[in-house]
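Shared between the two complexes below is subunit A, which has subunit B as its partner in the first and subunit C in the second.
Up next, the complex of A and B:
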């Protein structure tokens, strides 16, 4: 076997392995989503038999219609989730970009230590934090309020946003900011007119991350809300009652709840990909 | 029109002096180049003049006024950076007009002034393009345009041509010099390219280890370098340096390196007492001729470069060599015997310990 043939076989094997790996990963990632769609279309009886009876003849829109009929409650929870997720995202991007820029560029004393401390806060499991958080929020009369949830969500969204943006800001050539200085821009003008417009990809990436985290969050929401500010995940969980779990409707609600996030991911996919890849490759 | 004075400027980064007592006086409308290898402090000095970095100690005066505490903008300087530093999300017109936009000038005025600068720099057809759609030379022109529109007192250039190809670099040199003359500003230009410095400047400050080694006209820097460092940094090929000793007998002074003895001219008399007679003789390659009678030598290497040929000659008993610059293409084979003639009037002498010039020229 000559060198060329050997090389061709090697490349074929390599490509085959990559495609097989990606295929397995794709199935792994898409299987729960496929199962969700399938489940939402099956009647309750088909789901509780073992194994589940996946007969296309049984497909029905009853679950989805059921959720939509009872939509007042779901719409309320959608509004709550939207308020909390949008506010968290907006605040995380505003505060996170300012903090990340200051640490990346303005020689903040102990800036790097600060960033490590910010990261360290993420090491604590939620269960450790929930009791002190509950006490703090209840004393501040923020239980079952949008603001209360936003503050708590910021505590775990903001650090990640800061890390994503700091990496990107550091990769911007410092000469650009120096040029802006020579042109007569203040630090804030440089940030607003030069740095931020260049940072749209990581801002979108961080924003989508913040939104998805806040939209999907269940653990804190279930403990820190009661009746007024029930978010979508809480509402979905309520399909599971003490005596009966309405699997079909639960899954149908979950599917409807995923739609905003999926639309967001599709609309901003270009920026999200750019944002994560640019952050990774420092210039 | 600005007169710039640097008085004992020191800039320290992490305990290292990037500038170590720089003194410079740059006159109005003068084109001065800071020349030196990487790490000599030339870009740091430029950033200090710009106000992009703060001096550790020393004073910067502009038109007699202390500007240490002023921002770049307040100093009325404009700068062209090595990597062009164009704002990637703005069009050419927006890049050039950015400084006016910051000053909240009316849109009509910005448009008109951008147009004028674009005409000056032949950028009119490119005004709506983004920087990434331009070639390196066009990007550099935009960077210059951004500086020109300010109508500043001082132009600062930080190795602006180092990313351009050789032909474009030479063209841009003359364009920048013409622009400087036309606008009547003071320009400070940083480069490590000695040829660029020689061709563009009124005066050159050769820098070394954070200090100005010599500040003078290109002719002075080339013909009467104060040290071996300056002598060898400026000029291509590098100045020939022969390491040897002085032999004095009566009125006659000779220079000996290895077994070779070169009789010296009258200017050897100006050489004072030196330790152990050790001395270094410097001579530029254009002052080494290949003739019919002179010092016998052997051709080691021949480098024809078009209008002239660089011939390296050597001797059997020493590793030292000389380069002679001969006009035209010369067909000589390595190993050939030739006679070399060294022009005594053009010889420079350096102290081997300090590197300082002690006589000659």
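Up next, the complex of A and C:
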């Protein structure tokens, strides 16, 4: 065997290994998702056959309809989650953009130290925060209300939103704002008419982050909800348990709950890595 | 701006406006972050229990912290948390680095791979938990069916009810969900390593392994450190999976730090002891993060670029 052939075989082997690796990666990542989709489409009888009877002829929408038909099963919790996630996002973007702009541009003394402190508080695990907040909210009769959840969710959403936006505001050339002020615009007018329109991408990134995190949040929701404002993750968790056997509906519900976020993640994927690596240390 | 006569006043006005704009966000953060942090610290030195719809607090000083030393549940949780955290960090970083390297290879540079990677990450943690509860189901689970077909097990196993297996199965479910984000983080890091470094290494006759060891790994120092810190914090905080899959069982074999603090506080209603446990968890995460930063020394100038 000459040198050239050996080299070619070597390269072929390496390419083969890479393709095999990609194949394993695909199976490892997609198999659970595929099983999720199949389960939601299979009737109960096929699911409790050993091994499961995966026959496309059996496919049915019964699980999905079962989850969607009775409002109390999932739809009500979708509304609760939407209210909480939208309110949290809107509040965080409003408060966060104003504060971030002030710190980035309006020479608030100690602004950068303040931002570092805001970041440092995100090191604290949720359990540290929720114990006093639970006591506070029960005294204020805000347990099991939308407002209670939104207040608590701001604790991990607002800091991240502030960090994303402050970074962006600092990167805008200051000349534009100066020009607006020379033309007689007030600070608020400059912010609203010059800065905000340029800031749509980071506002979007921050908004997507805030929405997804509030939509998926479970730990605080377990503690703060009873009967009235059960969010989607709470309803999903109620399907599980040793004595629950509605496997098809459980998985269909989990899938339906995940679809909005998966779509958001895929559509806004460019913004996400930035937002989430900033927010990753959240409590 | 100082050369205009109205300069100082304008600057003053802007600063006053600044205070005005920062205030609402700061008030919220004081209420939902700063106040609870301080209050938790105080509670941890008290016995706080609900009595007739009110909370009664009495000072017990270090009793809560002293009690931790003799609490068998704490020892269990500590052991499980260490096993889980080490396993999680090693497996997730190992798999994620492999995935990132594969996707950075010309064969792996399809947008579709990256989109696939987003799916496990975007699935709600609770949805992931019920999915794995179903996959691991002892009577009808697909894992049992597949392994039996492959001849790797001889009978269906109750994965989550088995004292020796339960924690490993929870780990599996969490690793699957955690790999994508870390892989994307490391992939972004890989793309920041300039190609000329690889070309130079090749000219110097470096082997594949040497290029990985002396170009790739140093280039990934910052994202790797971030990944290790994040994954450690996430592993210590894991809650959703435990709550759905095992509630800490069987026999506290999957009891972990965060779940223990939750259980003590909201099931046993011992808010003071729960606060002490919560503060201990924070301290552990802080110390670990500081050690990582000291050992791994992130912040090599080039890799600090924005991901």
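Quick notes
Here, the second predicted complex is superposed on the first by the 197 of 283 C-alpha atoms of A that agree within 3 Å, B and C clash if a C-alpha of one lies under 4 Å from a C-alpha of the other, contacts with A are read in each partner's own complex, and residues count from 1 in each chain.
We take it that a residue touches a chain if its C-beta (ideal position, glycine included) is under 8 Å from a C-beta of that chain, and two chains touch if they have at least 3 such contacts.
Everything numeric in this text was worked out from a predicted model, so none of it was measured.
Of the two partner chains, neither subunit B nor subunit C is touched by A:86. Of the two partner chains, subunit B is the only one touched by A:194; subunit C is not.
By the touch criterion defined above, A:179 reaches subunit B but does not reach subunit C. The wider contact with subunit A, measured as residues touched, comes from C rather than the other of subunit B and subunit C. In the superposition on chain A, A:147 makes contact with neither subunit B nor subunit C. Touching of subunit A by both subunit B and subunit C, each in its own complex, is seen for residues 178. Residues 15, 18-19, 21-22, 25-26, 28-30, 32-33, 35-36, 39, 47-52, 95-96, 98-99, 101-103, 106-109, 111, 114, 118, 121, 123-136, 151-152, 154-155, 158-159, 162, 178, 187-188, 212, 215-216, 218-219, 222-223, 232-234, 236-237, 239-240, 247, 250-251, 254-255, 257-258, 261-262, 264-266, 269, 272-274, 276-277, 280-281 of subunit A are the ones touching subunit C in the complex. Touching subunit A in their complex are the following residues of subunit C: 1, 11, 13-15, 17-22, 24-26, 28-29, 31-37, 39-40, 43, 48, 55, 98-99, 102, 105, 107-108, 113-127, 129-135, 137, 139-140, 142, 145, 148-149, 156, 176, 180-181, 184-185, 188, 226, 229-230, 233, 236-237, 239-240, 243-245, 258, 261-262, 265-266, 271, 274-275, 277-279, 281-282, 285-286, 289, 306-307. Taken together, the subunit B residues at the contact with subunit A in this complex read 50, 52, 71-73, 77-79, 81-83, 85-89, 98-99, 102-103, 146, 150.
The residues of subunit A lying in touch with subunit B in their complex are 173, 175-176, 178-185, 189, 193-194, 197-198.
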